[in-house]
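Structures incoming, each one as C-alpha cells.
The following pair of complexes shares a single chain, chain A, combined with chain B in the former and chain C in the latter.
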Partner chain A sequence: MKRHESMASGSSGLSVAVLVSTGRHSLTGRPGRADQDARAVELALNVENSHIRLFHAGEPGEECREALRGYLGMGIDSISLIEQSADADVSAALEEILRESKPGLVLTGTQAEQGEGSGLLPYMLAESLGWSLIAGLVSIESIEGNQATILQALPRGQRRRLKVRLPAIATVDESAARARQSAFGPAQRGRIDTISHDSSTDEALAGLSIKAARVRPKRLKIVKSKSARDRFKAAAAKSEGGAGQVLSEVSAQEGAEAIFKLLQDENVLSI
Partner chain B sequence: MSLPRKNPRLEWIARNRLHPDHAQVMAEQGASASPSQWMGPAGLVRRDPHRIGSIGPNGIKRIDRSGLLSSQAAASPGRQAKSEPQKPLVTIDEPAFIIAVVPDMAGGELTSHDRDVLGMARQLADADPARQGAVLAVVFGSHRETRFEHAGVDRLLHLGDERLEGYSPERRLGQLEALEREYSPERWVFPDSQLGGAELGRRLSVRLRERPATQVWQLLSRDNEWACECRGARERSDIVRTLPRCILALEECAEPVSETRHEVRAVELEGSVPEAMIRIDNLGQVAVDPASVALGEAEFILSGGNGIKNWDRFHHAAVQLRAAEGASRVAVDNGFMPRERQVGATGTWVSARVYIAVGISGAIQHLQGIERCNKVVAINRDMGCDMVKRADLAVIGDAEEILEALVALIDQKRTEEARHEAA
Partner chain C sequence: MLNILIPLLLAVSLVLGAVGAFRRIAMWRRGRPSPVNIMKGLASIPRRYLVDLHHVVERDKYIAHTHVATAGGFVASMVLAIIVHGFDLASGILGWLLLAFTAIMFVGSVLVYRRRINPPARLSKGAFQRLPKSLIAFSLGMFLTTLPAVGLMPENAGSWVFALVLVVLVAWGLSELVFGMTWGGPMKHAFAGALHLGFHRRQERFGGGRSTGLKPLDLDDRTAPLGVIKPEEFTWNQRLGFDACVQCGRCEAVCPAFAAGQPLNPKKLIQDMVAGMTTGTDAKYAGSHYPGQSGEHQIGSGGVLVARKGEALVDPDTLWSCTTCRACVEECPMMIEHVDAVVDMRRHLTLEYGDTPGKGADVLDNLIATDNPGGFSPTSRMNWAADLELPLIKDRERTEVLLWLGDGVFDMRNQRTLRALIKVLRAARVDFAVLGNDERDSGDLARRLGDEATFQSLAKRNIATLAKHQFDCIVTCDPHSFHVLKNEYGDFGGHYTVYHHSGYLDRLIGADRLSFAPAMPGTVTYHDPCYLGRYNGEYEAPRAVLKALGLNVNEMVRSGYRSRCCGGGGGAPVVDVPGKQRIPDMRMDDIRETGAEIVAVGCPQCTAMLEGVVEPRPQIKDIAELVADALTDRPDPRHKADQQEPLEVIA
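== the complex of A and B ==
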C-alpha cells in the first residue's frame, strides 16, 4: 500500500518491475542471463530515481538460481522468485504479483530463450491488467508524472518516439543498450527471495512437439517460363557472372556521376 | 454427330503457295494470329516453314528454333515492349470462409514479407476446392499499391481514415475487432515483423483469447488438417502444432502468388467502430545519426580500406552521404577505424542495400561479409581486384578524387533542391 501511494505521488521516483527469464549461453549451454532481459535490467538501472524489483516465475532449481545470479551481479540486491512447476503457465501468477506490487513500469525481453518463446506474455499481462503496452523499447527519454517518452525500435536501426501513459508494460528490443557485465561478488551476495504460488499447468504447451531448430531450407528460384530455353538458361546460369559495369579510364567527375545515379536509383540519398 | 468435312479445293489452294487466292484462304483457315501456323483439318498444328525465319548475314535463310533471335528482337527498342503474360482471373463470389491478412504495407506498398504471407493465406483458402475460401486484406491509411490483384487478394478492406495512418496499434486493433464481429474470419494471418505485424497480431490474438502460432515458417498438411512449424525460444527450437486461428508468419513461409490474378473486390465495415482508448501517442520517427546505427543493420555503408590515405576526407564524405562507416580489416588493424566498424567474416556481416567499397581490394573474408548486400559499388585503382569483379558498378581511378567529386555533386544537388524549395 505504501508503495502504491509513493507511485501515485511520483515524488519518490518510479517503481520499475523487470520480469526476467533464464537463458543459456549460445555455445556452452550454461545457464545464465537471457540477453534481452539483461538489457531490460540495464534500462531499468538507468532510469533516474527509480525503485527496481526483479521477478522471475519458474521452477526453483539449482540451474535457475545460477542463471538468476547473473542478474544479481549487475548490482541488484534481490530477485523475487515465484515458485512454479516446470510446465506451468506463469502468466496468472505474474499478473497477480504485478497487481499487488503496482509498479509504474514493467520491463521485459521481447522473447524468452527457452520454452515456446512466442513473446506473448507481456501482451497477455497488459491485456488482463489493462495497462499500456510498448513493443520494442530501446530507451527511455523522460518520465513526467504518469507520462513516459520513449524510443521504439524500427528495422534498420531507425527509431520512433512515443509518448505513453503509465502504468505500462514494455518489451525491450535487442538493439537496446548492451547490458553491463555481471560481477561475481555481488552475484553471490545478492538474495533470491522465493514466493510460493500455486501454478496452473499449461496444457496446450504440453501437446506440442518441440525439437531443436533445424536449418530452414533455402528458397528455390523457380523459373516459370514457357520456353525450354529460358528455363535451361536459368538453371545453368552461374550465380555471379561478373555482370557488373566497370568504368575504367573515366574522369573522376564521370565516375562520381555514375555512382550518384546508382545511389539515386536505389533511393538511399536523402536530399 | 457431325463429321469433320474437308474441302479438297481449299486444301489444294492452301498447299499451292503460288495460287492467287492462297493468302486469303490461309487467313480464313487459320484463325490463329500468326500466318505461319494454323490448325490443320485433322486437328494437328501445321506450320509453314516458308513464312518463318529470316535471311542471315550470308544471304541464306535461317530458321531460328532456339528463340535467341526472337528474344533479342523483343528486347530491341524498335518492337513494342513485351507485355506481361495475361494470367487467368479468379473470382470467388460466395466464399465458404474468409482468411484475413493484415499486411505491413511499409511505405504504402506490399513488402516481400507481405507477399509471402498472402501466398500462405492463398494456400489456406484454396486447399479444398469444395470449400473455397477468400483472402481478405486489410489496409490501413493511404497506400500506393497497384498490384494487389497479382498478390492474391480477393477482397480488400481499405480503412482510409487518416487517424489510422502511421503507428496507431490501438485504433487499428479496434478496427480489426469490428472486422472480427462482422466477417468472423476463419483465420487471421499476420507477418511476424518489426514493421508492426508482430505487435498487431499479438495484440489481436490476446484480445480474441486465441493462442497464436508465432514465427511460423512452414505450413504442413497432415491428414486433411493443417499444421504448422514455428520457430521458438529465439530461433533455437522448432515447434510443430496444429494450425490455430491466429498465425504470425515469418518471411519465406510460403511462395507468393504468381500464377493467377484475383479480383480485389472492395468491401467495407458496416457497423460503427467504438472509439478505442488511446494510451500511446506517436511523436513521429526520429532522425537517426547514420554513424550510430549498428553496422549489421545499416542500409547504406561507405567502407574504406587500405587504398585510403586521407581519412579525414573519408569521414567527411560519409557525413555528406549520410552513410554508416565501415572498414576493411587492414584499415582497422592500422588503427584508422575502430574494431566495431570492421566488415567481413571476422567483423560484422552486413546487409546493406548499397555498399560502397573505397580502396578495398576484396579479400575473401571481406566478400563473405558483404554477401547479403544488394548493390556493391567499388572505387579502386586496380582493375583486376576481386572487389571489382564482385561489384555491380566499379569505377577505376583515384579513390579520393572520385569521392570528392561525388561529395561536390551531392552538395550541388542539395543546394539546388534548397533553392527550388525556397522559390
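== the complex of A and C ==
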C-alpha cells in the first residue's frame, strides 16, 4: 500500500489525456469549447501532480483552431491537433495516438456537440485498446498507483464510488464541476501542434445524409403533486429511471415477466 | 551665526530636494511609456494649477482658503527666502514681502492645524498630522529670521539659545517642505501633483474639456501586458498620478461602494498603488481601510498587486466592487484616474487569470457566443417590437436618426421605455430606423469587466455594421451605449454624432415638434446616471425636458456631478460583491429625502436597480415615459412618417 502511494505521488505523476472536440453554440452555431469536454479538461486540471495532454482529431481550419483556443484559455500550454479529413472516422487515428502516448487515464465528454455526436467514440476506443470504460464521471477522488477512486453520476443526483484499474477511459457527465473561465491571454499564447495522420474514411457516415435538427416539441411532463417537495423532485428529476428496481439472482422467467410488466406500465405494449 | 546657517540650510535642503526629485522621477519612469510633450506640459502647469485644480479644491471653501494662504504663502516665501537669505538681498521691499508672505503662510498653517485637531474620518492621519506643525515651524522660523534683516530687530538679538531655536525651526520646516517633498513625505503631493497636472494621461481633461473613454489595449502586440498586475505595468504618468495623492479622502466620502460597506476605498487603492511602487507594504497607511479589512498587507510574490491565490496588497473583491461611477475621479483635486487603474487591473484578472467573479464568466461567454449578455438568440432581438413595425435601416437608403435600442430589448421593463420613446419619436414625425437583429451589445459591460478582447470584437463588428448605413445621428436611451458609441468607438474608427434620448428630446422640444398637456400633479426628482452626467457632462437636457413638461424638479442633495451611483454600472450587479447594504437602497433614501413621488431616470440600469428597491417607494419613470404620457397630439397612424421617406429617396 505504502509503495503504491509513493508511486502516485512520484515525480512521474499520472499522465492524463483529454480528447476534446470542437463545440458549437446551440443558438448561434459559433465555434467554442464543447461544454462536456471543457468539464473533462477541468477534471484533469484538478488531478494533483498530473501530466495533461489534450488531443483533437479533425479537420484543421480556422473555426477548429478558434474552438481549440477555448481550451488553451483554461491554462493549457498546447493541444495536439491530429489532422484528419472532414469525412474521416477519427477513432482509428485516436487509437493509434493513445497507444503511442500511453496515458494512465483518458477523459472525454459524453457526446460531441456537432458532427455524428453518437457518443460511441469512447466505447470504440475502450474496446480496441482493451481498457476499462467509465461512463458519467463526475469527480476523481484519488489516484493510487494504477488504481483510481472516482465518483460516477447516477440518475437523480445519486453518486456511485468506483475503484477503477488504470489505464481507463472515462466519459465526463454534464453534472461534473463547471469548467473554469477561458482567458484570452493564455488562449492566444497556447500552441496548437499539428500532427499529420492518415485519415480513414468513415464509410458508414458517407452513406448518410446530414441535415439540421428540427426542434422537437417537448413532451409534457404531467406532475400530479400535492406538495412543493414533490414538485421540486419532479423538476429536479434527471431522468425517468427513478422508479426502477434492481433484480438480481432471479430466474429468466421472473426477469422476463418484470420487463413485460414495465413495458405494459409504460404503455409500450398494450396487451 | 544666522547669516551663515540659514543660507547653508537653504542650500542643503535644495540640493537634497533636487537629488530626491531625480530619484523620484526615475522611480515613476519605471512604468510603461506614455508619450507627452515635456515642454508643453511644464508650461501648462501654472494655469492648470490655478484654474483646473483650484476649481475642484474650491468645492470645500475652508480648505480652499487655507490652501491658498498656505501654498501661496509658502511658494512666495521660499522664492523670497532664497533671494533675501540665500543671496543676502534684504534691501528694500523684498524683506518686507518675505515677512508678509510668511505671515500669510502662518495664518494658513494655523487653519490647517485647526482642521487637524478633530479631523473628519476621510482624512488620513499619520505623517499628515505632523504636517501643520512643520508648516507652522517653517513660517514662524522664517518670519523671525527675517525680522533682523528688515531692521525690526537688532542683529544678533537675543541669546544664542534664541538663534538655535530659530535654526531648528527653519531646519524642521525646510526638511518637511523642501526635501521632504521629493523624498516621500506628506508634501510630495505638491511635487508629484504639479508634474501630474502637466503630464496627465488625459490632457483633454484640462481647460473645461472631458476625457472619460477607457484607453484601448493593443491586442495585436503580443509583448504588451494584458492589463496591469505589477506596479511597473502602469504607464509612468499613471504612477506619477498615484504619487500625487494627498489622501484628502474626498473620493472615499463619495464612493458608493465604500458607503455600502463593500471592500473598496478609492483612497486606499491609490495608496496601495503607491505602496506597490515604493515600500511594498501598507504598514504606514494611516487612513480608513477597505471596509471589512484590517491589518497589514504586503505586495504579492513576484511583485504582483493582486494575488491569484493568497493575499497581496489588493484583494480582487476590492476591484470588483467598483461601479466605475467616476465619483472619485470627479472629486479628486489631484485629477487622479482611479477608474482607469481599477479597469487596468480587472483586465489582467479577466484576460490572464480568467477570474471574473460571480456571473461575470457567464455574461462574457454569452457576449462572445450571442452578442448579448443574457445569452438570448441574436435573431430574437426584435421580438419585443413585433407589433410596432419598426423601420429597419437596411431597407432604407438613409435615415435621419438611427435608434440604438441596446440590450434593453430583452428586458421587459426597458421595453416599456423603448415603446414610450418610439411613441414620442413618431409624434414628432422623426425619420428614424433601427438596426434590428444586426445590432449587438455595445461592449460596455465586457470592457468594464476587463474583457477588452470581447469589447474590441463587438466594437469592430458594430462599427462595420454602422459603416454600411447612412444616418445623421444615433439616438439611444441607454447612457452606457451612448458613452461607448460616442467616446470609445473613436479609437477603432467609429465617429458618430450620438444623442442620449434626453438630449434629443430636448432638441425636439426646442424645435417645437412636441406639445404637451398641462403638467400632472405630483413632485418629481431626477437621478443623474453616471454615464450621462459625469461621463458626458449632460446635466441640463434631462432637466430641461422635465421643465418643459411643467414639472418642478426637487433636487437631491447629491445630484448633478455629485450624483450617487445606482450601483448598476461597471458590471457591479454581475459580479455582486457583498457589502453591508445595497447601493440602490442608499440612493432610494436620497430620493425619499426630497419627498418626490416620482423619480425620473434616463438609464435602463438605473431603472432596474432602483425598481429593485422594495416598496413602498417613489415610482420610477424614464424621461421617455414621462414625455409620452404628457403628449397631447396623438401619434400619426403608424408609419406615416416612414412612408414619406421612400418618396424623398426616389426624388
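Operating definition for what follows: the second predicted complex is superposed on the first by the 203 of 271 C-alpha atoms of A that agree within 3 Å, B and C clash if a C-alpha of one lies under 4 Å from a C-alpha of the other, contacts with A are read in each partner's own complex, and residues count from 1 in each chain.
Note that contacts are C-beta pairs under 8 Å (C-beta built on N, C-alpha and C of every residue); 3 or more make two chains touch, one makes a residue touch a chain.
Given the structure is predicted, the values throughout are model-derived calculations rather than measurements.
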| item | value |
| --- | --- |
| Touching partner for A:Glu203 - first (chain B), second (chain C), both, neither | neither |
| Touched partner set for A:Ala135, first chain B, second chain C, both or neither | first |
| First, second, both or neither for A:Glu48, with chain B first and chain C second | neither |
| Touching partner for A:Lys163 - first (chain B), second (chain C), both, neither | first |
| Dominant contact partner of chain A by residue count, chain C or chain B | B |
| Contacts of A:Leu27 with chain B and chain C, given as first, second, both or neither | second |
| Doubly contacted chain A residues - partners chain C and chain B | none |
| In the complex, chain B residues that touch chain A | 66-68, 167, 169, 193-195, 198-199, 202-203, 205-207, 211-212, 214-215, 217, 231-241, 252, 255, 258-259, 279-286, 288, 292-294, 297-300, 321-323, 353-354, 356, 374-377, 379, 383, 388-398, 401-406, 408-410, 413-414, 417 |
| Chain C - residues contacting chain A, complex | 219, 222, 226, 350-356, 360-361, 364-365, 368-371, 375-378, 451-453 |
| Residues of chain A that touch chain C when the two form their complex | 25, 27-28, 30, 32, 73-75, 180-186, 188-189 |
| Complex contacts: residues of chain A adjacent to chain B | 111-120, 123-124, 126-127, 132-136, 149, 151, 153-165, 168, 175, 204, 207-214, 216, 219, 222, 224, 227, 229-230, 240, 242-253, 255-260, 262-263, 266, 268-271 |
